[in-house]
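Look for chain A in each of the two complexes below; its partner is chain B in the first and chain C in the second.
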Partner chain A sequence: MNDSTAVSDLASLVRVDSYPTHEHEGIRLRHGTPLPFGATIVAGGVNFSVFSHNANYCQLVLFKKGAAKPFAEIPFRGLFTDPQTHEPLWGEFRIGDVFSMVVFDLDPESIEYGFRMTGPGNSATRGEPGIHRFDLTHVLMDPYTRAVSGRNVWGVAPNWQDVYPYRAGIVQNDFDWESDRPLEIPIEKLVIYEAHVRGMTKHASSNVRHAGTFAGLREKIPYLKSLGVNCIELLPIYEFDEMENDRLNPLTGERLYNYWGYSTVGFFAPKAGYAAVGRRGDGTMVADELKQLVKELHTAGIEVMLDVVFNHTAEGNEFGPTLSFRGIDNQTYYMLTPEGYYFNFSGTGNTLNCNNPIVRNMVVDCLRYWASEYHVDGFRFDLAAILGRDPSGAPLSNPPLLESLAFDPILGKVKLIAEAWDAGGLYQVGSFPAYGRWAEWNGKFRDSVRQFLKGEPGKVGEMALRVQGSPDLYASRGPTASINFITAHDGFTLHDMVSYNEKHNEANGENNNDGANDNESWNCGWEGPTDDTEINALRNRQMKNAFIMLLTSQGIPMMLMGDEVARTQNGNNNTYCHDNELNWMDWSLVEKNAELLSFASRMTKFRAAHPALRRRDFLTGRDTLGSGYPDISWHGPHAWHPDWSHDSRVLAWMLCGKHSKDDYVYVALNMHWDTHIFELPQLPDGKRWHVFANTGAAHPNDIYEVGTEPELPEQSHIFMGPRSTLIVVGR
Partner chain B sequence: MEIETNSVDGIAVATIIGDIDGSNAAAAQSQILTLAQTCTKLVLDMSRVSYMSSAGLRMLLASYRAIAGKGGTVLLAGLSEDLSDTMSLTGFLSFFKTSATVLEGVGLLK
Partner chain C sequence: MAFNLTSDIHNGVVRITLSGELDASVAGQFKTAVEQAAVAQPKSLALLVSDLSYMSSAGLRALVFAKQKMGASIRIFVVGAQETVQETIEMTGFSHSVVMLESYDAAQIEA
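Then we have the complex of A and B:
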């Protein structure tokens, strides 16, 4: 054959390593390959590979799906031949610290697997500290497992006596993505919608075929699209145990759940109970359902961001269960005191040892996996300040994990967003180690905007910083480092923020002691629901004002699921434990609060239409083009004369159209309880002011569709009602 | 699991009898891929399949890829509602034409 025309059939040549070399009780084996970690389908069988630095013995435990007892237990070892003496010699299937073995003739679909390990130290008893917690009686879940079974259907009580409650399974990753790839929408164009998979469609009003699932969420894609968001940020979808909480609601006696899911069982496995196909117990199908959701969101132009929790695991403290990490290598995976107690920077019992090189690699492998196998577009890191602590808990100036993620080749284009604080008191908003890549949840935006919105004095200067993308915090990083939000899952909904002064968390069963106390909320004159039409009108206006502040600020806006239809949690600002109407999106609100929904949708479209609102770099306050106008100019009731005084509650700014190849955009905020006349800055010759939104005007004149804004009859000034906001465009 | 093949109005029809999972998907696949070498239009009669695991779904999609690669079409006839739902949830359904019966499917492919 001529080399240039030869077609290699090496791909179909039978591999040498597809033949077993060893046997254990009739099961054929071979020394496996250490990489990749986890269970991988290979020619003839499955390659199992697991790391432990401290274990001195490991055996594989195989179950038929759901079986109470394993059908095989296979040590990672076999008979080799001594090269010198040619005598038979027992040797481990291990290279370095990695046990690996191929088991032949397995049907990957019908089995579950785990490990047993032994190592130094006595097996630590419950409640006692221990550097090592090896215990041959525990079957341990693979930290790299791509599927976890055991909680296949949400909320169904498991067999609490199961010897192996969360079971590792094997996934075939050959989903047909067709032409789908991560969208790579420039971050300044994102409008993020923070949502809970189950919460989106579990409510009876959702009218989807499979309520509360990935597939149910798929049916709501048209809604998201019409709302105008282009990124959905999902609360944790890594496998967690919603049943880990065994408390009851003291008011109703209902069971309380780990509903939010900030307690990871398996970092590489999607939550089976979120899949409509979860009940089938087929981990590959669960993966397929989630991938199909991602694919269809992408088709609709919507990115997928995952809220990921790498600061702790579901294993808890000394009193917690041994499920995986701590039975495999406690000292490697967790931050421990010298006595072997768990450090608790997460507020949940333990702290993952993220800057240990092994754990760091696991986090990197995990994110690579989600980016490449699930086409995920970005990650939001829960309590990310923990990821910058060294193994003894001290904050690092140059944390290797954060640097690795920022420069990782596979993660090269994904969005990295930090919740830049932790429960151990490390608060890094504005100072999170960013490497030019990381953005942050801007907690100061939330606080400043809430204070300004409710009319606190002395906040005009701060508000001016927030609408510019917080240059005080991100001077060297630009406004795209700022994820702007007023509400998130943690805290009041927007409706509750304008309806309650105090949190009302009695249903959480902690005597209203849980949840934040500094909510910067204002009930508009009455605590909770009221028939008072004036109060309700004010609340409605305040919610619209909030949407204007959020969506006209530089930086990346994020809104909370349901805020666009005034979803309420009855004043509960910490609903982590409720699997009920308190957390579920009530779709009847779409009709009931159509006015607010329409307002929010038009605002997202306004933002999309105006590049002046989505700058990559900070505005300068100077005329850098010779347009005759600064790129941003500040105003008050008198044009060109902002009122920075302590008692001022008014602020207006104008974005020069020429600087952003856009219309001129003028935004005025009157958070005073009186009407004010605002002088409008004079536009360049030939341009006229057109009103896009005025929350002081009655619906439907509160907001217009982009492109249909009516020209203002009076171009020199405008009346602004109490606590109202205005957007006019000059063109 | 068994597969019976025949031809209706010149169109290849394969009837799958029994559930398909990891234990038999490879065998089913090799039979269907063999058949796929000789046709560009294929009807798979699914009316006697009550369950397919993820391996079964992959067997179907590989058949589609083999035939679509030469410009052909695969049609699934008589899918149960349950199976159709599972295929829709996991993204497999959209690759295929479907029909209620084999005869109807043959009519669609002719």
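Then we have the complex of A and C:
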């Protein structure tokens, strides 16, 4: 046998199971393969596979795209016809708890599919509890579907009478990635930008061709690059229904939406309404548009992180709609009380039963899919504490799901970030089961920095912990466990944090009862917009101070979309329901607030230039190299003498250059309302202090480009104005 | 409108004219035409698509297939794409695989 013969023989190999064995009403079939779950294109047809432990009957429902009625319903068990002899033939397309079947001659582009199932118990009655909620009248969406249609164009009212409102579709996953792969940027080098796909470019000022879409966001990559962020964290992009909120804005009468998207319909499907091509109704095309976005972000050196919501689904409680999971296997997918009510640790009606082995596998499969098929670099888990509860809701000491994710081979390099609390009162910041992998949104960083920023007394000690990466919380995990943020989608924007004392959520239609009350914000002397130049100058300075605190702290900084240009939500701290200017990035602010944008951009570049600011291990406060300086030293108005007193509102620290193979970096925070003179620590012989940033100085002397910092004329001390911050570098 | 495909060779360029709707049901025809074009070893491949009203994801993949089949050195021109088709190619990123032209530019295509 020569090589060419071998190749020729291999090319002629064909699977012998690619022919039909059964027929149902003219449609040709055969046993399917249980794995992978979902709909998979195979030779000659499509393999459908769905799990249900409790269902005793399942049938596949096939629709032509958008058709009101199915064109075929094929049971997974019953009397069929032999396609060759046309003789009656018994068949059951099930192995274990998995129904699977290949249907031949289907055009994957032109069909939608679902299931009907029956099992024990009576049909579900709306509002009544039930362990099982089987109901043959419902067409059920496949939990593993890679595409969902039904909400293809954002905000377009659907046919509310549709028998199958969220339809599973089939995706061809063969995108031409060329050489792209996840970037695997070391986590300590990340600067995360939390953004909403639609919000980024929907505003008329965005000047993109396809506003509010994945394609539109692609056009803003140069902006992200120039801002200096290297990771974009997208609010949920799994398919959800923005139309599920049917309330109106009481102030304007406008329709309200589920804008943020924290209510998943399909875990494996990108939101079609976020794709410019969504209106074409082609799930593969939607996937392509998102993949192209990821690919181009990667080319620009920017990672993609997804905000994922595995704590609940869009099916709500016993009054909610039967869309998928509850009709397929309610007892498996949800945490239920013994009576069959839904546990509500998510605050949204139901709780996904994440530590059931089936659900656990689904979550792992889902993340594997996004990491491998979409080249996603990381995940931020909404209300992740829920993922550590057992089926009865009790917190587990060693949650199998979290462990599985931490040690999964395909997820081996992706970033895993937990929002380490839930709506059921489980608060695990600092104690989230991490397995050496998980990082956390550090809510204590947010609170401490806000308190210190507004000049609260008694906060200096806590602030010192936060700027070190919170060793009090992550002693055994290191500073990279701490995702530092001052603002996020949930709460005030940075501009509003320095402009409002109170939330102003009247437009949400909940009588201002929604949203957090403890914002730790300070309006600088006037609630909301003002023409007072002093107040506006102070607000501007406070925003700059916040950027310095965020970007000089050890840990991983995350900023909120638009904070760099002082985006406002008019004091609304819970804008989950607004598809309007309240949430959209106003790109005219780029010019209007160019000073702040420049400040933020230069700060990200300063962080990138200084490894001393982004260490993997905690600083020790000791001189471990014999450099003559501790790796971090604390100071106040007097060098080497920090003021830890209750009334103190000042803190300074110096990072030894030798310990981080970097310049010496000295940061001083004066959150007192008076000017203070800060004595600067003496540098090693030959080195001089250069000022990089001083928020007390007028623009353009508030910040310099890295490498152009002017030498301080007076090396022994510096005046710091009221509520100002300073960075000097010694080299 | 039904899909239709014709092809010819002109000045060393394989020209494939597509009309109607290019979707999964007919993408195989297009692929066969591309395979035949590759045998001719043309200097470039021109897809004349002014009468193509729709291109599905399977159609988009045919473009990638063409690029891979022809090799990196053979340029592929998509000529006269209607707005819908052009947008589809651009939004999904496939425009990076081809050169989009409003009209047949012999100087560029046959160079």
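What we mean here is this: the second predicted complex is superposed on the first by the 710 of 731 C-alpha atoms of A that agree within 3 Å, B and C clash if a C-alpha of one lies under 4 Å from a C-alpha of the other, contacts with A are read in each partner's own complex, and residues count from 1 in each chain.
Methods note: contacts are C-beta pairs under 8 Å (C-beta built on N, C-alpha and C of every residue); 3 or more make two chains touch, one makes a residue touch a chain.
Fair warning: this is a prediction, and the values are worked out from it, not measured in the lab.
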Clash or fit, chain B versus chain C on superposed chain A: clash
Contacts of A:S110 with chain B and chain C, given as first, second, both or neither: both
First (chain B), second (chain C), both or neither touched by A:N536: neither
Which of chain B and chain C A:R280 touches, first, second, both or neither: both
Which of chain B and chain C A:Q715 touches, first, second, both or neither: neither
Shared chain A contacts, counted only where both chain B and chain C touch the same residue: 107-110, 172, 174, 176, 210, 215, 275-277, 280, 282, 284-285, 288-289, 291-292, 295
For the chain A and chain B complex, residues of the former touching the latter: 107-110, 172, 174-176, 209-210, 215, 275-277, 280, 282, 284-285, 288-289, 291-292, 295
Residues of chain A that touch chain C when the two form their complex: 107-110, 172, 174, 176, 210, 213, 215, 275-277, 280, 282, 284-285, 288-289, 291-292, 295-296
List of chain C residues in touch with chain A within their complex: 23-25, 56-58, 60-61, 64, 87-88, 90-94, 97
Touch list for chain B against partner chain A, complex: 21-23, 53-55, 57-58, 61, 65, 85-86, 89-92, 95
